[in-house]
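Presented sequentially are two complexes of subunit A, the first with subunit B as partner and the second with subunit C.
Let's look at the complex of A and B:
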């Protein structure tokens, strides 16, 4: 078994197993905890609209905060959108998803993918630079923050190198790219990357609780 | 320290702009003689005691983006990263991951998160108490929607049980539990005040009626420092012709048990008010101009009681708004411009946002809103018990300047709010900065402008 076979075979399979098990374990560990009944008289009897509202509206800053958070949020938007374009718009990725799920969709032109990849790399470097220099982010940051950055950054860079055939044989570069994705999957449930799912749980919980009280959301 | 020690060494300072203790420089910020290891264990056990799915979701969700700092008055005014709201929970996050989270076994086995030390908790006391008013403004900026203020409340539970509370807050909470009021407003004092105020102001103040439709409560700050609020409450309820009363077995809405983090004391204080309202057969309990009293009773009272309350609970501003809208409350036109300071626990976190505006509209006054208002209003800096903590004065006064500027920018003639704790903080700030603005009570403003019958 060569490196590419290993990456495509057992590495990716086990990565998905760990990913699925870890996600389930962590979500169950949170969601199965007790929920105390709330006997207070609600201001709004139906609270789920608050959950939806917060899930949607918290995706952009309020007018009162925008001047203080615009830079960081713009960077965040750039690399999240860039990642989405590269992951879901690149033809070989769509083939991979089709093989796994049977679902397929039209791909984006390669030029758009390369540009998105380059912008994403640039934004991720800026994000790291900001984390290392901003006093608040430096104080808050721990291993999870830096390692999560690393496992997000690596697949983008290795993918671009593989496409450009730069630095090694294509098969080797592709194997490294797939292994970097496997690493991302393995780390995903254990660190902050889980925010991809927890964002809905957390925003939804606060939205529903606050809607019940008529509090600001 | 014994009760006698508290009373003799730290008598109340009742004649100052802010109600607190004398000789604050003699501090006992570590209560009891529990061994350090036990303190840590107790703090963590009580932190997770009331942990449910929501709190666990919050603990798991932080992405360390640091945005919460930008909503916090203490960070914005100082630029000091330690005031980042989520950082105030760092030892508790550490302990949660190690002891209670879904992967706790892995964290412990590989020692990925170290055990929290008592030194850490002592250091964090300042962040959890002195520099957090639990105003919840950070909740509105967090991209994950984490309600950091509620987590600070849980952390305070742990800190209180471990005997790691700022001295002033502990002393007043202990006194509240022992005497029924944190600031010396015992039932005897309250009744005497009511008698004296009734005579002085020629107004009927009902106390201990056996049956009443409405029970009114006051905050200790109002009883001791702003007794005109008692008179104003009586004038308005009499104007409306209601069958109402104060109850000497349950008049104190202030809940320092909640502020300091002692859930047993919180329950005891809430039950006094609940039992007194039930004893009077009342259908309505009116809460005073006090922010945290509203949260304690309106949103937590029924949960403390263990079932729905058999009466309605309204903040006085909500009551005034209801009676204004119904036409029962008739006031003379107030031909002034005014700006309104939203008390965080009533407005942002309590949901009574429009009520005071409806009252102001009913008064015919012109409301000039501050740049940040309603749910986004800046905290006065004194909530969450911060105004009682002397060593927090410097950072509190700094934060207060944000509010001063927003008030000044409106150019309004009057400054009004509906929280006596905010009022006390504004009075103290006014005195400190020699500011030309005086905080007025919405309740008293209405009472002073009642239409003659």
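Let's look at the complex of A and C:
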């Protein structure tokens, strides 16, 4: 078994198993927690509109703080959108999802993917630079932050190296790329990358609570 | 002038004109990306060379490699090869049989000991004492070891002799191995393919006869001049890959338009060979040009790398059952954790 076979075979299988186990474990553990009873009179009969509203509004900078948060949030949007384009727009990735789920959609031209990948890499490097140089952010950061950055950054870079055939033979680069994705999947449920799902849970819960209490969202 | 026992004289006697000979040398030098002066060096060297003694052993194989060479589209090529070398033993092609055939091999070994080129096609069975393939009552293993002793170099022609090939595929019932798994003390060049391109075989033979050594090899023993690039990088359909235009089935509009076959399982991106440049049947076409994806036949273990029709990005295994089981396990553990947490919460509330 060569490295690519290992990556496409056992490595991905185990990564999927750990990912599925971790995701369901954490989500079930959180969603089934006992909620504190709220004895107050509800101001609104239904609370889910507040949940959706808060998910949206908290995704946008508050006008009062925009001059302080704009840079970080812009970088965040750039690399999140860039990642989405690369992950969901590249033909080989769509084949990967089709192989897993049976779902398929039209792909983007490779040039658009390469451009998006390059911008994403740039934004991710800027994000790391900001974290390392910002005095408060640096104090707040721990291993989880840096490792989560690493497992996000590595698949993008290895993927770009693979398509450009830079540094090693294509099949080796492809294997490393798949292995980096496997590492991302393994780390995803247990680190801060879990925010990709929990951000909606936490914001939704807060929004629903605010709606019930009649607070401004 | 050519000495009577020299290759040049031999070719002239066989009716090969100097023009044909020059064309052959230029083509071979060009194929191997040698500098222009190499063509003249090749003409000179081949003219003065003794015909290279070659012993060709066929083991666990389908004769496709020999067929590829002898049924090649270009008869001049075939003629050139057999005039350039002295094929002293090849049990499919030689007229002799039985003891006479084996005697020819032994005589050739004795006459050119340390100088002859050994070509092998087919893998070597090692299980149960190698009984699964024998020639004249001699196991392939024993014949290879015995013949390799006096060889100047070995050329493993075809994926079976280079990497084990189809006989080596899981579950490998005969314990088939490659030449390089057995012979460790001789220079070995692998010319894989199922079968290899005839021009590639001719090219490496011409190189060996000219320079007396094997050309530069890659990390799995293949001549770099022919195996440095992937099929994908040299494929005429590559622009469609870059544009995101793919055939979805073998008879859809994309297939009719000649779009990329990546989604139909083409292994071109991970396959190193010269099919897309040299092509087959005198440069007529190659599998992708004929509408089928590359199988990756010049790569080790190509038979065991999943379906030929499974695209490269798709995981090899069907992971759905494992993922479902893991998800069920995760929900169970998460539920137990939540129940324990709820109990703690209740206990704390009671204490208050």
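We take it that the second predicted complex is superposed on the first by the 217 of 217 C-alpha atoms of A that agree within 3 Å, B and C clash if a C-alpha of one lies under 4 Å from a C-alpha of the other, contacts with A are read in each partner's own complex, and residues count from 1 in each chain.
We take it that a residue touches a chain if its C-beta (ideal position, glycine included) is under 8 Å from a C-beta of that chain, and two chains touch if they have at least 3 such contacts.
Here the structure is a predicted model, which means the values were calculated and not measured.
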Superposed on subunit A, are subunit B and subunit C clashing or fitting side by side? fit
After lining up the shared chain so the two structures overlap, which partner does A:34 touch, if you call subunit B first and subunit C second: first, second, both or neither? both
Quick one: classify A:216 as touching subunit B (first), subunit C (second), both or neither. first
In the overlay, work out which of subunit B or subunit C sits against more residues of subunit A. B
Cα-centre angle that subunit B and subunit C span when viewed from subunit A, reported as a multiple of 10 degrees: 170
Between subunit B (first) and subunit C (second), which, if any, makes contact with A:26: first, second, both or neither? both
I'd like to know which partner A:43 touches here: subunit B for first, subunit C for second, both or neither. first
Just to be sure I read the superposition right, which of the two partners does A:8 touch: subunit B = first, subunit C = second, or both, or neither? second
For A:53, select first, second, both or neither according to whether it touches subunit B, subunit C, the two together, or no partner. neither
With the superposition applied, I'd like the minimum CA-CA separation between subunit B and subunit C in Å. 5
Where subunit B and subunit C land on the same part of subunit A: residues 25-26, 28-34
Listed in rising order, subunit A residues that touch subunit C in their complex are 1-2, 4-5, 8-10, 12-13, 16-34, 91-93, 95-96, 98-100, 106-111, 165, 170-171, 174
Under the stated contact criterion, what part of subunit A meets subunit B in this complex? 25-26, 28-41, 43, 54-55, 58-59, 61-62, 64-65, 68-69, 72-73, 76, 134-142, 144-145, 190, 192, 194-195, 198-199, 201-207, 209-210, 213-217
Within the complex, subunit A is touched by subunit B residues 50-54, 56-58, 60-67, 69-71, 75-76, 79, 81-82, 84, 86-87, 101-103, 139-147, 298-303, 305-309, 312-313, 347-353, 372, 374-376
In the complex with subunit A, residue positions of subunit C that touch it: 230, 232-233, 241-244, 246, 262-263, 269-270, 300-301, 304-306, 310-317, 319, 322-331, 333-335, 337-339, 341-342, 345-346
